[in-house]
Structure formats: structure tokens, C-alpha cells
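There are two complexes below, and they share chain A, which is joined by chain B in the first and by chain C in the second.
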Partner chain A sequence: MAKKKRLKDLSLLEQIYLPEIVKGLALTMKNMFKPSFTMEYPEVKFEPGASYRGRPVLVMEENGDERCVACGLCSRVCPAIAIEVQANDTDKEKERYPERFEINMLRCIFCGFCEEVCPEEAIIMSKDYELAYTNREDGILGLDKLLVPVSELQERIQFLRKYK
Partner chain B sequence: MSIWLQILISLVQILFTASIILVTVAYLVYFERKISAWAQNRIGPNRVGPYGLLQPFADVLKLFFKEDIVPHAANKPIHTLAPILALVIALSTFAVIPIGPPIYIFDLKIPLVVADVNMGILYILALTSVGVYAITFSGWSSGSKYSLLGGIRSSAQMISYEISMGFSIAGVLIFSESLRPMEIVNSQAGFMWNAFVQPIGFITFVVAAFAETNRLPFDLPEAEPELVGGYHTEYSSMKFAAFFLAEYANMIIAAGLIVTLYLGGWQIPYIENLGLSYTLTTSLQILGFFVKMAAVLFFIIWVRWSLPRFRYDQLMNIGWKVMFPLSLLNLIWVAILVMLMN
Partner chain C sequence: MPHFILDGKEIQFIQGQTIIEAAAKVGIDIPHFCWHPSLTVSGNCRVCLVEIEKMPKLAIACSTLASDGMVVNTNSVKALSARNAVMEFLLINHPLDCPICDEAGECKLQDYAFDHSVGESRFVENKVHKEKRVSLGTHVMFDGERCISCSRCIRFCDEIAGVNELTFINRGDKVTIDTFPGKELSNPYSLCVTDICPVGALTSKDFRFKSRVWDMSSTKTICSGCSRGCNVEMWVRNNEILRLTPRYNEEVNSYWMCDEGRLNTFKSVNADIRVNGPHIKRDGTLVKAGWDEVFALATSELKSYNKSEIAVLGSAFATCEENFVLAKFAKSVLGIKNIDFAKHEKPNSGDDILIRDDKSPNSFGAELAGIHPLKDGLNFQNIMRAIDEKKIKALYLVEDDLVSLDEDYKKILSKLELFIVHSSNFNSTTELADIVFPAATYAEKNGTWINFQGRIQKLLPAVMTVEMDRSLDGMAMSRLDKFGTEFDRWGKSKKMNARPIWKIITSLANALGTKYKYQTSEEIFDEMSKTIDLFKGLDYQRVGELGVKLNVTTLAKVKV
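And then the complex of A and B:
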């Protein structure tokens, strides 16, 4: 720890106090010419990196099917009990699909456990952070709002393959 | 010159000065916010109008529509009187500050000051002292501990700093041999600005001016971490706006006073040697006054966003043990100078 400076330790110049004021003024003046950090939000939007955990979404394959096989692991692991899955059978190769898949964004805590536990890379944390709803019903997202084309999620998927 | 013409000229001057103060206050608030934003690497108000230039008007409009609350424990008449007093004093002090040399229209000599009184400096000192009452009244009549503490602090602070302020001004007066602001400005022709002739007095006066206007680093009367809002804690709506306006008007007066007493007023050194036309010289000098004033105002705001607040005992120590002796020292220095020059 740095030793605390007492009044008697100060040099004469520091005790006069005026040079220190000038130093402080110079610092603020220097800062006045630095670019500002402010991002003018509605016009300029923050672009998060791949490690960002935003709204969880379901992956939609190129043919328009959801990748999810409705195993229910995400629902099981969710600490906030925000995910509800109802499975049904299908004739396709994956045999099961989610008939109903709801994420309650009012409960979601963005922990990313659902993404971590998913065996199919079917639920992914997106970069979407604009999550304001005007009523509670809007905060519960169904399949129609959750499905996102796989091409838009490539960055996060690559990130998960590397670091998960 | 008939008496009616004189009254007419006075009215025009009053209107002109009052509008200068009000417009400057509005944009002073705007620049306060802008400069604070720049100093902190932010952008500042930029939503209302181009570059946020209409922000002050939006603020005032908001204050108009606020509810006017008078606390139950307040002393109503005085609670109402205090902001009025603050505003009246703040607006009337500017009357004796000359913004330019006398101008001549149709052989009519018009001084560019509302009241060219021969005791202008005394007038200013008297009025700013009465200004303490506004703050003390508001603190006492609000029926709130925070307000009361703010009011008491303010009166103690203003009384202590008035002494060093008075003694610094005395140095200026010895040089100009007059209390008339016009003469004080005339005595600083060329580079004989008092800021260069008596730098110690300049520093003590500027510090005292900061303390008198309750600006940081001496804004103890409204130190928000300790006293919530200080003396204006219990004020809302236009009464609060009146205090706000008075505070910024006081800043403008302090700046005008610093320019008049120490920075040569409207004088531009050796402009008469350039051989410009009379009209151009005069308008340049008036412009020069406002540029100087703007620079001082910028300095006041700049200091606010650079320095932390003093502790109350430090404030009193500086006022009595440093600023007061320094202003006396300055007085001696001026006396020696005057003796040598004669």
C-alpha cells in the first residue's frame, strides 16, 4: 500500500496548492479534446462480441425446420424455470420435434445453461439485447419468435465449438 | 436633454441589459452541461433542437409545469419572498457594469451602462451582501434542517469571503482613484490591466468571487452529498427556477466584475493605434468585453468540473488564514507601486 502523504510530507510547491489546481485544470482541458465514449443509442447500436449472451433463440435449419429434438434438457436445467417444451412425434429422421416451445423472457436470467446443455446445438444465446415488452404476454416468446436462421448464428456457434 | 428622453434611454438600457442576462443565463446552463460533458468524455444535451440548443427552454418549460410545493412547517411569506429577493438582487447588480465606452448618437452621449453612478463598486458590494439574506431566508423559512444548515453555511461563508473580496477591490480602487466602474476601466488602458499589475489581488478576488457565487469548489451551501439541495431543498417549480436563475445571473455578474476590475473591462490594448474608424473601434470594444466575460465564465465552469469541494473547516481556514492575509499583502504591494510611480 502506498504510504499516505501528510501535510508535512508535501513540498512547498504542493502546499501552495495553486500549481496543483493548474494540473487538475490541465487534465480536464486535455479530456475536453478526447473523443467521447457516448454511443447515441437509438441511432447507433452496440454490436456485441461472440461471447455475448443475449436472448436465447432456437436454430432454424436451411430447410425451415427447427433443429430442436424436444429432449427437454434445457427446460430441466433452466434455473429460473423459464423454458417450457412440449414434444411430439414426427416422421422425419429426428423423430421428435417441439410442438410448443416457450421461453418466458420475464424469467430468463441469461445464464446460458440451456445453450450449454443442449446436445444438438439447437438453442443458442443470440446478440439480441432489446428486450422491452409493453405487457407480460409479449414477454413469453413462442416458436414463431424464437426460430432464427442458422446463418445468423454462425459466429456464436463457432465460439461455442471453440470454448465450450 | 429632456427628462423623458433620459427615462426612455434608461428603459432601453434596462431592457437591453436584462435580456443580455437572461439569454446568457439560458446558454450558460446549456454550456455548463456541455462543458461538463466534454470534460467527462460525454456528448451532453443534443436532443432538443440542433446541437441541443433549445435545451434551456425545454428545462424552463418543464419547471413551469411542476407543482409548487410549500412545506407544512415553512414560514410562507418569507418562503415566497426569498427567491424573489435572490432574483431581484441578481438582476439589478449588473446595472453598474459598463459593457463598452460611451457611444454618441445624434450628439447624444449614451453611456453603455444602465446606471453610471459614482459609487458603483459600493453598490455592488452592498447588493451582493443583501443577496446573503435571500439564501439565509430561504434556509430558515423552509422548516427543514438541510435548508437551515445550507443557509447558515452560506451566510458564514459569504461574510468571511466578503472581507478578502473587499480588500482586493481596495487595491483596484487605490489605482483608479475612483469608485466609478467607468473610471476603473479607463485606468486600465493599454496593458495596465489590474490582473497583471496586482496578480495576488486578482487571485484573491477570483477565489472570493467563486465563494460569493456559491460555485464549486466552494458550493458548501448546497453540497448535495451532505445537504441534499442545501437552501433550495424545499423549493420546487418556478421558485426553484428563480434560485437557479439567480445563481447563474450571479455568475455572470461575477464574471462581469472580474473583467471590469481586473481584465481591463471593454479595453482592447492599443486599439487606438490601429487607426480604425470610431464605430468599428467601439463595436470591437463591446465585443471584447463579451469575449472576456465568456472566457471568465468558461473558466468558472471549467474549475467546477475539475476541482473537488472543500471541507467546511478548510473553507474557513482558507478564507481567514490565507485569502485575507494575501489580500492585505496585495494592498501593501499596490501602495508601494503607487508610491514609486508618483
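And then the complex of A and C:
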């Protein structure tokens, strides 16, 4: 068998490796004292900006009512078919309200179409990104989990009015 | 034949037809709100304005008679701008109610606003406000702001239902619809106004906010309310029927159906008292049992009676196919002669419009399929008498609630030693039964019914039983049906463990030693078309969506 020939023979310095190790350690040292970009999640939480699309939530008016009129447009436009709305009659001026409203977070792809299509500004993409569930049922959020006071959503609402 | 030119196309017409009529006949839809093919012309919406050559002004297509050589343009600059202007006027006071309006998705105003409008409003003043949520009668809700004053509803009441119940009140932009003083919108066809109202001004209270129209599937089938057999669309979401609407068939029901049929025929399919799985009477109460167990019990019980001690009652609610298999089973497997079915006539309950006295959809078909006493056999009245005298000890009944016909039957039926019933719902007749087979309802099976005119019409399944699959069985599917999985709440629909009569009889015949090979209702129909003269040459495809009238001259000879 013919002896294998190297493309380039290593020089002596290269053969003893030491300089390379020192070079590598120097890089490590340099980076150790640079300011860091990583966050120590979950001790430190990431606070997203107004353009962030976290889980969609429903707007709860100051009097505790939901703003949604159960028109079903969000449900229709949702490309992942994540939203189910069942409307019913109400004596309030809006005539119609969601008797049941469920978003299946295992289906949702955070596209924000529901927010865009809603004629009532009633469904808003929140900043909530902590969405881990231990079973499928928990991933289906009902009205109790979806309704969020309008005061907590102001930042996003203002953002939408400006850029939508 | 005379003809005129519509947008460059030659259209033939009959003298006396209007432009819109002649165009509709050949499938061209000239935009219109107030015109309806079954109502008189009122010409008030102005959206059908067209340009006719050599005429000084635009003319409305719904009241301009077509004449030979006329040249009509619906898409000329003048016609288009007129249509845009009419749409703009109509939308001035129309509220932005689409999100809360049940009509959305099947609304003419929405469609035309999309097709024929500029999409931008120049109106900055306040809209006129009118009364919303007005109850016009037991079944109909009115919204004054949405009304575009087309007068279709008024004309329907006057001309079709034959009662003057609705009228316009006030004038100008205050005009609205109301009932005459002291009157209600209460004719038996009142909900038809919700079908013809081009907008969401008139809506059904029963269907109010139940579902968006685009979330339902619709199946072309037949109403079960009476022997008229109105053609209907059955609207289903999540395997649950939510509404019925009439389907056009000039020979049977035109564009209409009655409120009773629309509201009260399908609710039993969704009801909580459905028979779910076979039941056997144990210690005086009906308890659930397995199919095999019930077949074994039924065969051994049926074998233990003399032929003259057994009677079989078919049903005017079951399909022709089911009655055919049942009659065949009674004659050749059980070898009995006492075969008949109960009539459901309510004298003087019918009218000259649609509603019939016969409250069952298929008495004609049951008779034709062979459900009648054989020579020396007993008819229905005599069967009941013989049960009373304990001469008949075993009764096999399908899909009929006899006790609802006559309370006295309760006493008579409790004298039976063996009472086998096929029923879709628990009722006072099933209470008396020893064995209850769960019957698939008319919404859960294929089959045919024959109406009082001798017209054979096809039923299509719209609701699944546990043995059916929407996509594999070729049933109508909504968007949700197509993409739902078992992990979605809306994908988990309620399904009944029930079977059509022919399927149960087939298993029973096999258990009794006669091989029946039917796999589908259609195979039974094909056998019928070979053995029954009136059905000669027919198959499901020929029967089609609108049905086929059987040969009436031969029909007259058949005793009904």
C-alpha cells in the first residue's frame, strides 16, 4: 500500500499545538468580558416591543364585557382554523355576543390575521409567549383565559392604529 | 323564435317576456333586488337599469318587454355608472351591520356592493336610524335599518301566502315595513320572507345567530313533514342540523316551504331522546344491548310463533327501499300475510298552497313497495283488532309511533307477547316494546320517497351515524369537516349508533337462514326497478336532484 501524502506538511510550531491553544483561549477571555446578549430566562423575562405577535387575546371593556360581537370573521380568516366562535343573542346594544370562544393554541401560527380582520378591534396579539402545555386540552383556551382588560393592551392597540 | 341581443349574445324569448325573465331563462343573471321570478314586477329597486339602443333613457330590465331585434347593454358606461349610483344610494342609510347580521355570506347587497359598487362612500352625514330587533310574528325578526324597501316580503304575503299582513308605512327615508294594525306576520309560510328578503332585514328567530352560513355544509334532500315532499337544503355544522331552506322545484314546491316543515321536522334528529344502540326490555325497562345479542334474541323469538300469529307493519316514514326489503322479508322469510302500514292523515289540516292532509312523506311509496295485506291477510285496523283479541301475538313495527296516532293503541299493544320496534327516538310506543332497534333517521340515509303526486324523490344523508364517514361516503362537507381532527372540539361530533331498516332486516334475514346480499340502498332500488313495473328504467341517477314523476296512468290503477 502506497504511503498517504499530506497536502501540506505541518511546521514544527504547528505540530506542538501550543500557540493555537493560546490563541483560542485569548478569544474566549476576550468574549468573557464583553457585554452579553443572552438573557437568564426564566429568571429574567424578555419584554417584547409593540410589534411583537404573541398569543391572540380578546379585549375586555372597562365594564367587564367582552368587546367581541361573535361575527366569526377571525375564525373564517384563520389559516390554521384555530378559532371557534359560537354566537348567541344578547339584550345589549350589540345584539350578538360570543357564548363560547376558543382558540386552539396548538393550531395557532401567530400570523395575526385574526387581529387584522376583526371589525371591532376585539382580538389583539398580546406579548404572551409562554405557551407550553402538558396536554392537548390545556392548549385550547376559552373565554376565561382569553379576556384581557383593555388597559393592558393599549400599547399594541396604539401601534395598530398607527401602522395597520 | 324572436330574439334580442344582450351584451353581444343572441337571446331567444317568448312574446310577453321581460328582458330579465328571458335572460334568467338562459342562465344570465341581470342584477336585481326587487324582482323575483315568482312574484309580480314592482320595479322599485332600480338596480336592473340597462341601456337599450335607440331608447332615450336607461330602462329597467324587469319591466321592459323584450322585443325582436332589441340591443341591450348591461355593461356599457352609462349602465355601469347608473348601477354604481343606485348602489351608492342604497348604501347611504344601510348600517354597517354585516358582522352581526345573519344574512352575511348570502346577502345580495353584500354581493352587489362587491361586484357593482366603487367601494368607497362619499356620504359623511349621519345615517337615518330606525327600529331594530322588531318581532314581526312568531318566527320572524325585522331590522328596519337593513331594509332596502324592495317590497318582496309584502308581495309574497299578498300573492303567494294569500294574506295581506305586511305593508310599507311612512315615506321617503323614513319608510319602513310593518304589519297591518292588529295583525301579525303569522301565515303558515311566514319564514319564506326570510329567504327572499335580499338583505338581512328579515331573519329567522329559530336560526338567529346559530351559525355563519359559510361554516355549514348543505345537502339537497326532501322535507319529511307531509306528503308534498318539498325539496329542501339541509344545513349541517358539526354533524348537527341547524336549518332547512327550500330548494327550487317548480313541479313540487316552487321556491317555498311551510314553517311547520322548516322548523319542526328536523329537530327530532338532534334530540336527546334518540335511540342510541339496540335496546332490550329487562325487568320492565329498556336497557342497552349489543347488536349480535339483539339479533340472536329477535330470531329465536320470531321463530317461536305461528305464521298467523305474526304481523308486520311497514311505515310511511321509511323509504321505498326499506319498505321493499321489509315486505320481502315478511313474505318470504317469515311467510306471513298480515302486512300493512298506518296512515297519518289529519283531515282539513292541508291547504291549496303546499301543506297536505297526509302528514307522512311516503305513503304512496310504502304501498308501491309492497306494504299491503296479502290475500286473506289482515289490514292495519284488523291487525290492531286481532292484537286486542290476542289472535296476533307478535308485532314487527318499523319507524312509526302508533300511540301518537291514538292513545287507545297503548292498551292494545301492551297485550302483545313479542313487540319488536325500529325507532329513531324513544316515545310512548317504544316504551311498550320488547326489542328496540335504533333506526337511522331520514337525514342519515340514502333512499327514495314518493310524494302525493306520484313523484319519486331522493333523500341524501346529511348527518353521520357511527357507521358512516362524511368523506368516504361522499356526503356534503363544510370547511370545518374537511380540516377538523379528533383533537379539535368541533371535530368530535355526536354520532348515533343506528342503522337504516334495510340493513337490520338484511342481518335478520341472514340470521334466519335466507341470504340477503344488500350492501347499499341503491342495490335495493335497482332490484325494485327490475321487479316493480312503475320503477322500470329508473335508477338513482335518473331520479336525480329534482325527482321523476312516475307514470300516472298506471298509478291510477294502483290502489292507494
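Some observations on this one:
By definition in this document, the second predicted complex is superposed on the first by the 134 of 164 C-alpha atoms of A that agree within 3 Å, B and C clash if a C-alpha of one lies under 4 Å from a C-alpha of the other, contacts with A are read in each partner's own complex, and residues count from 1 in each chain.
Throughout what follows, a contact is a pair of C-beta atoms (placed from the backbone, for glycine too) under 8 Å apart; a residue touches a chain by one contact, two chains touch by 3 or more.
These numbers were taken from a predicted model, which means no experiment stands behind them.
Of the two partner chains placed around the shared chain by superposition, chain B is the only one that A:T38 touches, whereas chain C remains out of contact.
Of the two partner chains placed by superposition, only chain C is touched by A:E95; chain B is not.
Number of chain A residues touched is higher for C, counting chain B against chain C.
After overlaying the two complexes on the shared chain, residue contacts for A:L27 are found with chain B alone; chain C is out of touch.
Of the two partner chains, neither chain B nor chain C is touched by A:K145. Look at A:N104: by the touch rule set out above, it reaches chain C but stays clear of chain B. In the complex of the two chains, the chain B residues touching chain A come out as 35, 37-43, 46, 203, 302-303, 305-307.
Here chain C touches chain A in the complex through residues 96, 98-100, 104, 132-133, 208-210, 212, 214-215, 479-480, 483-484, 487-490, going by the rule given at the top. Here chain A touches chain C in the complex through residues 69-73, 75-76, 81, 84, 87-89, 94-96, 102, 104, 106-107, 119-120, 136, 140, going by the rule given at the top.
Those residues of chain A that touch chain B in the complex are listed here as 18, 21, 24-25, 27-29, 31-32, 34-38, 40.
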